[in-house]
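Okay, got some structures for you below.
You will see subunit A twice below: alongside subunit B first, and alongside subunit C after that.
Showing the complex of A and B:
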């Protein structure tokens, strides 16, 4: 029997959604200060308006009186609502910029930013205000680290664990969620200091940009690369820089972003052997090498580039961008659409599988791929064995673990849901007249929160397809649990007793 | 004499007609180039000529300046100056050797519409010397129109509404504090 959520349940959901709004009100100060600092008054006014909306919603909702603590059921609904409502408010400065045709386009970009996807329908990016570009990239950075961590960081308190689990994260690296989130922030800030310094040096010394612009480009590339988001400052993405050194630096940050925070923790504690033994590390390395070879062979067959260096640089960068689910590109989307055959197969599979769990990356995730592969291997063995024989499966992931039926089911269930998600988007794309190859590429890119495009994502794209891609980004980022919880809560609110 | 002049004029006319074929100068727009980039690639096409706005940054490297040339409706009228929305930007990378480079004012961005220039050069498509990059390697560069500042309107209403909302949020928070105090 369905139990209708009590008014106390609704109040607690509202209160914690309000806390997330207040957290974002705090973050909104950054682009506001940047806008004032560089004298961009029109965007500055929009940021103040956004700050006001976040603040008043946050203040009103947190005023709701509650007597119960937040539990996991509330947490998942709060996260689902947060990821739907925050982009609506965060879109205000973008909407007032005049760079979008309608609110669906604006919301699409905000959702794409917060889910770290990177697909964009913004028009005339090359004349966009600096502070608005900062806001887009900051959204990706915050989305990558999770609304939850931001909320915990800004003293939500003990409810953080429920929120964190509901976001699809299992990254309780340290005993408490607050110490875990502090660790995540520390890792991110260390990467930021090193990454921005390196990118600044490359931009200033090798690319010959002015110091101010070098710092701006360095910050934006870091935000988009570490969050595996993929937004860019200019319309030609990372192809704008024409620099293999910058691509290498960005590639290193993308890899750091796609690594799980557990792996960061193991490396931080110098537990290198453990890091290498982890099923997730091995699974990611296996798919990375295998699919890279497939993509390279495909490109060589097509003869797209002249010489081995051309294939190596262009092929490797686009592939790295796909597998880490970042979405940067150094070639135009029309050229990417010409990567057919094996190159297409390698890229799409890499995007679909994605990075590691508990990282900023999207996709099915390497741990699930590893677990699914182990289950399939076990089933193949079982066929050869006498009936009724039991084959225990073990794996190493931060210690020896035994594969239980629940773990196997969960891994395979989520994997199947991802495949279903990719196929639904592909079907809608085909219904709108796009080729199977293009529709599949774009759908996987949206569902895997990648952001590479073969040209379907465009201001003139069909609205229904745009909404489908938004749903894919949202579901792909939250890994379905929050969606089911939200639907369940709504259903029980209507039909429950 | 008259016949000789006629012959000379005919030869000169024929040479004029043949000249584009010999040099293979193609005057195109960026959208056309991006639609079929291989068709204009050097050395098959010796030179292409493009007009557009310089945007982003001027990257002063050892022997050349690298920048981006956009040719889209925003080059003529950016959104801030009241230009209409017309899709994404259309741009290519340009490498301009320092020997032919002139200062072109601030590059196009939020505050400026960049200089409108005419650039001719070889379209290096998937250049093997630069591991597969594509860019226009300029041999001539001419500024047609200097960069122009863009002006924004002061957002009085947004600031006012923003402040009102913030004060409202403060009042709500204050009420809560008062209640908690009770």
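Showing the complex of A and C:
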């Protein structure tokens, strides 16, 4: 029997959603200061309006009286609502910019930013105001770290564990969620210092940009690369720079973003053996090397790139962008649409599998791929070996762990849900007359929060398809649990007793 | 019957939702709780460990670049 949520439950959900709003009100100060600093008064006014809406909603909701602490049931609903409502308010400055034709387009861009996807329907990106570009990239950075990490850092405190689990981050790296949150921030800030310095140096020395322009581009590329988001300041993405050195620097940051924070912790503590033994590391390296070879061989058979260096450079960068779920590209979408056969298979599989769990990346995640492979291997052994044989059913992931039935079921169930999600988006794309190959590529790109496009995503795309892609991005980022909890809460509110 | 287990159950049942400190589960020496909390808060400092992580990442990029180049060379030969 379903239990109808009490008014106290609703107040708890409202209160913590309000805290997330307050956290974002605090973050909104950054683009506002940037707009005032560079004299962009119209965007500055829209940032002030957004800050006000975040602050008023946050203040009103946090005043709701509650008598119980937040638990995991409330947490999942708060996270689901947060990822739906924050983009709606965060879209205000974009809506007032005049670069979008309607609010669906604006909301699409904000959802794509916050879920670190990178698909965009923005018109005339090359002439977007600096502060608005900063806000789009900042949204990706904050979305990559997780709304909850932002909220824990700013206000939520002890209830963060329930929220963090709801967001698909299962493991704490350190004993408490606040120390884990601080560690994630520390890793991000260290990478920001190194990454921005390297990108600034490349832009200033090799590309001949002025110091101010170099700093702005370095910061934007870092935000989009580390969050595996893929937004860009230019409509031609990283292809604008024509620089293999910049692509290598961005590649390093993309790889850092797709690595789990547990792996960062192990490397930070110089536990190299543990880092290499982890099932997730092995699984990621295996799929990366295998699919890279498949993509490169596929590209060679197509003969798209004639020189060896051009073939290696374009193939590797697009592939790295796909497997890390970043979405940067150095070739136009029309050229990417020409990657058929094995190259297409390698790219789509890489996008679907994605990066590591507890990272900023999307997709099925390497840990689930590894666990699924382990289950299949164990089952094969069980069939092949004599009845009654004892088969070891453990795996190594930050220590020896038992492969319980629950773990195996959860990994395979979520993997199947991702496959279903990709197929639904593909079906809708085909229904609108796109080819199977294009529809599959774009759907996997949206569901895996990648952001590479073969040209379907543009301002003239059908609204229904746009909504389907938004749902894919949202579900792909939250890994389904929060969605089921939200649906369950709504259903029990209607049918419960 | 295990005495300790029985006592624990009894304490849990009687204490109900009381904080652990009031149930006597935490060390009672003055300052111990604060000391433990300080231990939990300790994070690895961004010293040479952070540089190791960055070096590993760029080494990986270099390694995959070499791999991509090798595949491109092999494929072009055949």
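Keep this in mind: the second predicted complex is superposed on the first by the 491 of 497 C-alpha atoms of A that agree within 3 Å, B and C clash if a C-alpha of one lies under 4 Å from a C-alpha of the other, contacts with A are read in each partner's own complex, and residues count from 1 in each chain.
FYI, contacts are C-beta pairs under 8 Å (C-beta built on N, C-alpha and C of every residue); 3 or more make two chains touch, one makes a residue touch a chain.
Worth saying up front: this structure is predicted, and the values here are computed from it rather than measured.
Taken together in the superposed arrangement on subunit A, subunit B and subunit C fit without clashing. In the superposed three-chain arrangement, the CA centre of subunit A forms the vertex of an angle with the CA centres of subunit B and subunit C, and that angle is 140 degrees when rounded to a multiple of 10.
Looking at the shared chain after the overlay, A:312 reaches both subunit B and subunit C.
Once the two complexes are laid over each other on the shared chain, residue contacts for A:82 go to neither subunit B nor subunit C. In the superposed model, more residues of subunit A are touched by B than by the other of subunit B and subunit C. By the touch criterion defined above, A:143 lies against neither subunit B nor subunit C after alignment on the C-alpha atoms of chain A. Legend: residue contacts after superposition of the two complexes on their common chain; A:264 is shown touching subunit C, with no touch to subunit B. In the superposition on chain A, A:448 contacts neither subunit B nor subunit C.
Judged by the touch definition given at the top, the superposed model places A:346 against neither subunit B nor subunit C. Once both complexes are placed on a shared chain A, the shortest Cα to Cα gap between subunit B and subunit C comes to 11 Å.
Shared contact residues of subunit A, touching subunit B in one structure and subunit C in the other: 309, 311-313. The part of subunit C that touches subunit A in the complex is made up of residues 40-41, 43-44, 46, 49-50, 52-54, 56-58, 60-61, 64-65, 67-69, 71-73, 75-76.
Every residue of subunit B that touches subunit A in the complex is listed here, in rising order: 34-35, 37, 55-61, 65-66, 68, 70, 72, 74, 78-80, 85-89, 91, 93, 108-110, 113, 126, 128, 130-135, 150, 152-159, 161-166, 168-170, 172-173, 175-176. Residues of subunit A touching subunit C in their complex: 174-176, 179, 182-183, 186-187, 190-191, 194, 248, 251-253, 255-256, 259, 264-265, 267-270, 288-289, 292-293, 296-297, 300, 308-309, 311-313, 315-316, 319-320. Residue ranges on subunit A touching subunit B, taken from their complex, read 25, 40-42, 44-46, 48-53, 55-56, 58-60, 62-63, 96-101, 123-130, 206-210, 213, 217, 233-236, 239-240, 242, 244, 304-307, 309-314, 330-332, 334-335, 458-460.
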